[in-house]
């Protein structure tokens, strides 16, 4: 066992001070308003899929302020206006969208709609057409890092909220039964969507990325927290912008967003996770103020624990039947 | 890209000489007969599972000559004597059975029965009660290595055949639609079951283990081919038993078993697989004399390519509807 | 010594077939024309620097089609309309612009003007405002990878040409004495500028990136050729777009551009370079049809050989005095 | 120096709480009785060896409850009923019996008998014929892990005691001068034999394995403590059996056995030992309540310190002459 | 970020106890006297160099007590008796003299003389002809380790002082403007020269080696502190000479020498430096009792931070104009 | 298995061209003469040792031209003028003398005298007092690398011959029964002693160092062939002295010395030896023209195969009884 982070007993009580700026809530309320004013302009195209019990669609909708977001939408055949189904909106990992439909098919076959959302820039069909005035490190983590208003994840978080918006308006969806789900970046986005959309009723976040940034950058081994590290190394070796960088990130820190979540939350951490260290996950978890549950996998790192699939089935069944 | 093995163009034509002993076919025919004479004595216990569309059972049956084999059996709710369903018998990786029911649920929800078979010794509920007179390396690869009649995989291969036997006799199963599936060791076992049971109609073998042993031991990086290496290192450093060791293994080499397969085969290899090097997979594939298909994943090692899940759905749909 | 690539004797004669598409020359002629039609709109701001023998400026000019490119411009104090000086335009490494003025000061003190050009997107002050319709891998290598007309390096290459354009028009510069210089990506860009601008009279390219792409991706260990690998791994695991990807890259391959260069060339390779393997450097070098020289550093990888600094002084002195 | 464990000053005083269950002594007394009731049925076969000053034998005797244990027995030529000699019973490392007679020859030539005992299952000639109802991880560490009565090391520990029993009954052996020796697993077995047999008068245990299990699993890097880790990872990812696992192991923990030892003890630890971390060795050492000595090798890991050979000669000379 | 050493806030206040022996000052005063009594016997040979603004010389002078020391001496063309220039004496890294003249040319072109001094034994032209009676580890760190009077660095430190002596006597040098500079071993030597010669007016020491030896050996990863580790491992595995070894080293510890320095000091550390851990640099820095400045590079290890080149220009300009 | 070198079948026939200079034999004949003219001036001091069957001495004798060589001499108690015993002169590994008397005790107890010789410079008690005019890399490999007459190993080889000389003159030694032995550098020195002294009757050389230098430097991973690599990297990055370096080494290459050996030879190689690659050992072996035997350990690297201890006993018994 790798003792690079705290032991489990400490983790369970680890609740570091929040890093919210005074206008944190205002920042997000204003952002949510801006998004609400912007239409989705969603389009669906039916797609052939060899499993007759489901219907599959390509979905495109307008991202926050710019860019067109792509998703795959998988419905139980029987879903309809008169037979509304619960739905799971799923977000993917950083630079790592290798989800195929067969990965999520069991949920659709059990009766859930599933929307697989692409993250802007990180996918072939979802380019990011926003312009950033600073950044510099390969990847997306530092795009706009010196200004929260034009930081990359402000756009991505709102794209995620807009994906929830999209499903909530579908006639075949029971809009009281919307879950969000994801691992790593996807886990961070599920937390963000749960915090920024009141339509979300259940959050399943595995090994969440994008929380407790300072500690994460300190403990990280490898990508993608390393991009912040790289920004300093190459572009600010004496850390003259350090305060501004962490100020920007504070608006997007899952830990700071946690208290906004009203939905039930199921989380997981791996005690050997050197990408999203367990203390960053617990920092988030311990700031949640809602029905919550966390599964701890002592021998696992950044994912790989199949058992969590079983836990999610139980978690959803209890809530959405 | 790691150039530790041959380039793709060479792999496609790589067909090394077989290493069959003269009594190879006789050895297996006799073994198959011995197994046929031994009753299965199967028992099923119903198990609660939170998904109402399936029924789940614990299964126990007698392994080859000794030991009791455990499996999990997942049926579409509607399967019955009058509504027979196709079935997939699944085998797991070496020392790595982390399959949970939710991993295979989509197949049951699509209408297939699924039997997840444990490998003797490698699982909590399937101990190996056979006695071996030699071996020595931690693990199972060298148990009985000096004598094909009492080699570990003679028992395991026949356990796998007996698992097929079990499903073929179930009234809710359409015994003309039996598939076997697995990755790594599970892929090797799927090949073995396809070669040693005429009831198997479709074989899905990913990154198969247990083929082309000499080259595999030469190229291996890490477990489990390393156990053969370890046997020599610790117990026969001057290789006085080398000939006997490879003679024993020749009976269990997927390459030598390939020509026995009549079922359709879907295979996969990762070109960066250092555990089961791609040339060992192609050695097997190129000796297959049946309807066959291989998917090559250039950037992948020992698994991880989700796309193969899509390929399997298509492969099964075409054959079993 | 790491034998991951060819031995030196083979390298010296390694001249693989070019991969030029039939419209290769036309593609570039058209691109050059488009750039010529677009004004530079250059602005200079004087900057304080503690060395009185030089004058330092921030420079901004319009990039190809969009985006504003930033550079630092260091002149010998005595340079003027009446005392024109030779100039070196320098390009930096991929995601690795850690050049400070003191690194290049000796050239200015010797009497050369120096322009340090930022690469769009890779630097704080040179954002990339072009929109790409595909890509997906973190970094810049796959932005627009399916279409040479909108591929990232089409813009970067022309930005580099425009930097040469900028200095060529300065009254304090002797426009018959323009050199370009760089290592790694910077080496590739120096080659590109030498091939695409007839104003360049001397090229100094160390351990050049962006040449002989197929072999480079095969041999690479680590970033940034890995981004192409990552594109396939995540977004096209069965390589259905492989042909298009390498077709796009062929337009930007230093090997294909080599024959266009008329300027004298000084190159270097490290025989242990696993980032830009030596065979890719020699592939380029052996296709050069001009006065050329290559320095081979058998014990070095991707740079670090200080001796090349001495070689460059001699190379420039001979040509520009 | 690798600071993965405590500094030396802390190690010297590190005495963690014991983890004995209330019936610990009873468990072992009963086990010892069971073994005493079972005859050894020892057989010796003379073996040729090119050194005329010694006599070498193959020895076989009945292991605890089942399995036949093999050993090599090397006697000074002059040993006889009338010229009784002291004896050293030696145990080998986990999955690593590479001891040859020439390794121990100097002891026989100095006048000691030497018995090299194989560990059941880990050697060619000493198969383990016990049946275990659980386990699952490759190797022997988890065989029977849920039940101390049928745990692998219950059998092995008693096999080691029976090896002492065997030499104690030989007419050529001075049964008041029996030493046990070993490194790693062999060190743990020497401790166990010293604790469970009152015939042992001297214990030489290097870098002992099998002590302070919880800390060992926490700090381990690599095999074989990793097998316990692997058991959890694959077969109990949420640690539902953790309490039972460590309860079973508590019966076999050298730390808990230490107080039973009356023989003199010579130990060694390497401060860089990541296989059997030094704190686990000191935990054992500090619980010993007998004449004891420990040699600390600051720059060494899991063995390799030749100096300990010199220390053992002095230790034995002092006690056995 | 690698947390192998203390966090920055602790480092800033880290001031461990000095380890000076009672005769520390006397030891050095006597050594300095001995050196003063020994003539330099310096010889200069003019060398061709392609940059006309400088004059380059090979320099040879007598090392402390024996051996002939080689240096390269680079002067601004205009330096002369009547136009005295300031000078920088530069020392190189351990076993790593890859400095070429172009690396330091900018200083000469700005108007400084530069003397590049070779370290005895570590260079082709500066053999070490001293005889040592003990040592044993490959390298120089343990040569004479049991006796401060005949320890390798006593000779090297005084060679460095003698290099300062050499420039101070040159007619073209302004002997009130002598700086010393170096990184790693070179940084340690700059500190030593600053402490042992009152002619030094400015010290620029990057990532200094040779300070706080005990902690350095504890934390080291890799060469050259490893040579002390190796000495113990191979030649004194039970550490019987540990006290003497660290007593010898105490005379050469930059931390103990720090208080002797009257010159202004500019230092740097990399927080990820595992060769010369940052706590050893701060131990030295916090014991300096003069005008001092330290630059901290959080993302850097043992060097590579180009920004320090800018800092040095400013530091020198302020002091020497 | 690591395929970094040739497969076994190729190795068995690998006989590269020799690289002898025309005056190779003359060089050595002259050197041998020079040594013969120089007295040994040997001194012995009796040392206490706790094993009564042996007598132990410290030995000092004059090395070739300068330096005093230390050895440990272990005799069977009964050895005397009237009871002459055979003797084994043992050499140790590069920078790695961790041999203690108990390691070689069995040989003395079997009736052989043993002389453990220290290599000059590499040991505490055997300093090297020769002066070298070039070198530069930490370690001994490049000391005097540009001149065979003053190359380090010229002194070491002759020290080894002088150690043989010493034992040959002892009255308790049967001077017709002198063996030399060693592993790695010790193996190279055993070969050298066998080639340069006609008194040697048996050579036991394991995993020999110092042969087939060019290929060794090409294939090496890690020390000490790396010192030659380091010499080029730091001191001659463009390889201007390459020819001279390999010319110097040719005089000391075991491959070139092989044909001089008349004694019987027992060798060993590990097929995974990356320090002294197996092809370099076979290059030597295949050039031997005497009674010879080689043991191949396919799963071993640079040593560790205990079986070779058994082989040596047999080899010596056959020859010396």
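First chain written, first letter: the chains are A, B, C, D, E and F, and each begins at residue 1.
Methods note: a contact is a pair of C-beta atoms (placed from the backbone, for glycine too) under 8 Å apart; a residue touches a chain by one contact, two chains touch by 3 or more.
In this text, all values refer to a predicted model and were calculated from it rather than measured experimentally.
By residue number, over half of the contacts seen at E-F repeat in one listed pair from B-C, B-D or C-E, namely B-D.
Although chain C and chain F carry the same sequence, what matters here is overlap: shared residue numbers make up under half of all numbers found at their interface. The best fit of Cα atoms from chain B onto chain D calls for a rotation angle of 180°, in steps of 5.
Taking each chain's centre as the mean of its C-alpha atoms, chain A lies 38 Å from chain C. If you average the CA atoms of chain A and of chain D, the two centres end up 52 Å from each other. For the pair chain A and chain B, the distance between C-alpha centroids works out to 38 Å. The set of chain C residues touching two or more other chains comprises 98, 230, 233, 237, 306-307. Taken as a graph of touching chains, this assembly has some other topology, since it is neither a line, a ring, a star nor fully connected. Screening every pair of chains for touch gives A-B, A-C, A-D, A-E, B-C, B-D, B-F, C-E, C-F, D-E, D-F, E-F. Chain E contributes residues 94-98, 121-125, 127, 129, 131-140, 223-224, 230, 233-235, 237 to its touches with chain F in the complex. For chain D in complex with chain A, the residues that touch the partner chain are 217-220, 229-230, 232-233, 237-239.
By the touch criterion stated above, chain B contacts chain C in their complex at residues 1, 3, 295-300, 305-307. The touching residues of chain B, when paired with chain A in their complex, are 50-51, 53, 98-103, 105-106, 109-110, 306-307, 309-310, 312-314, 317.
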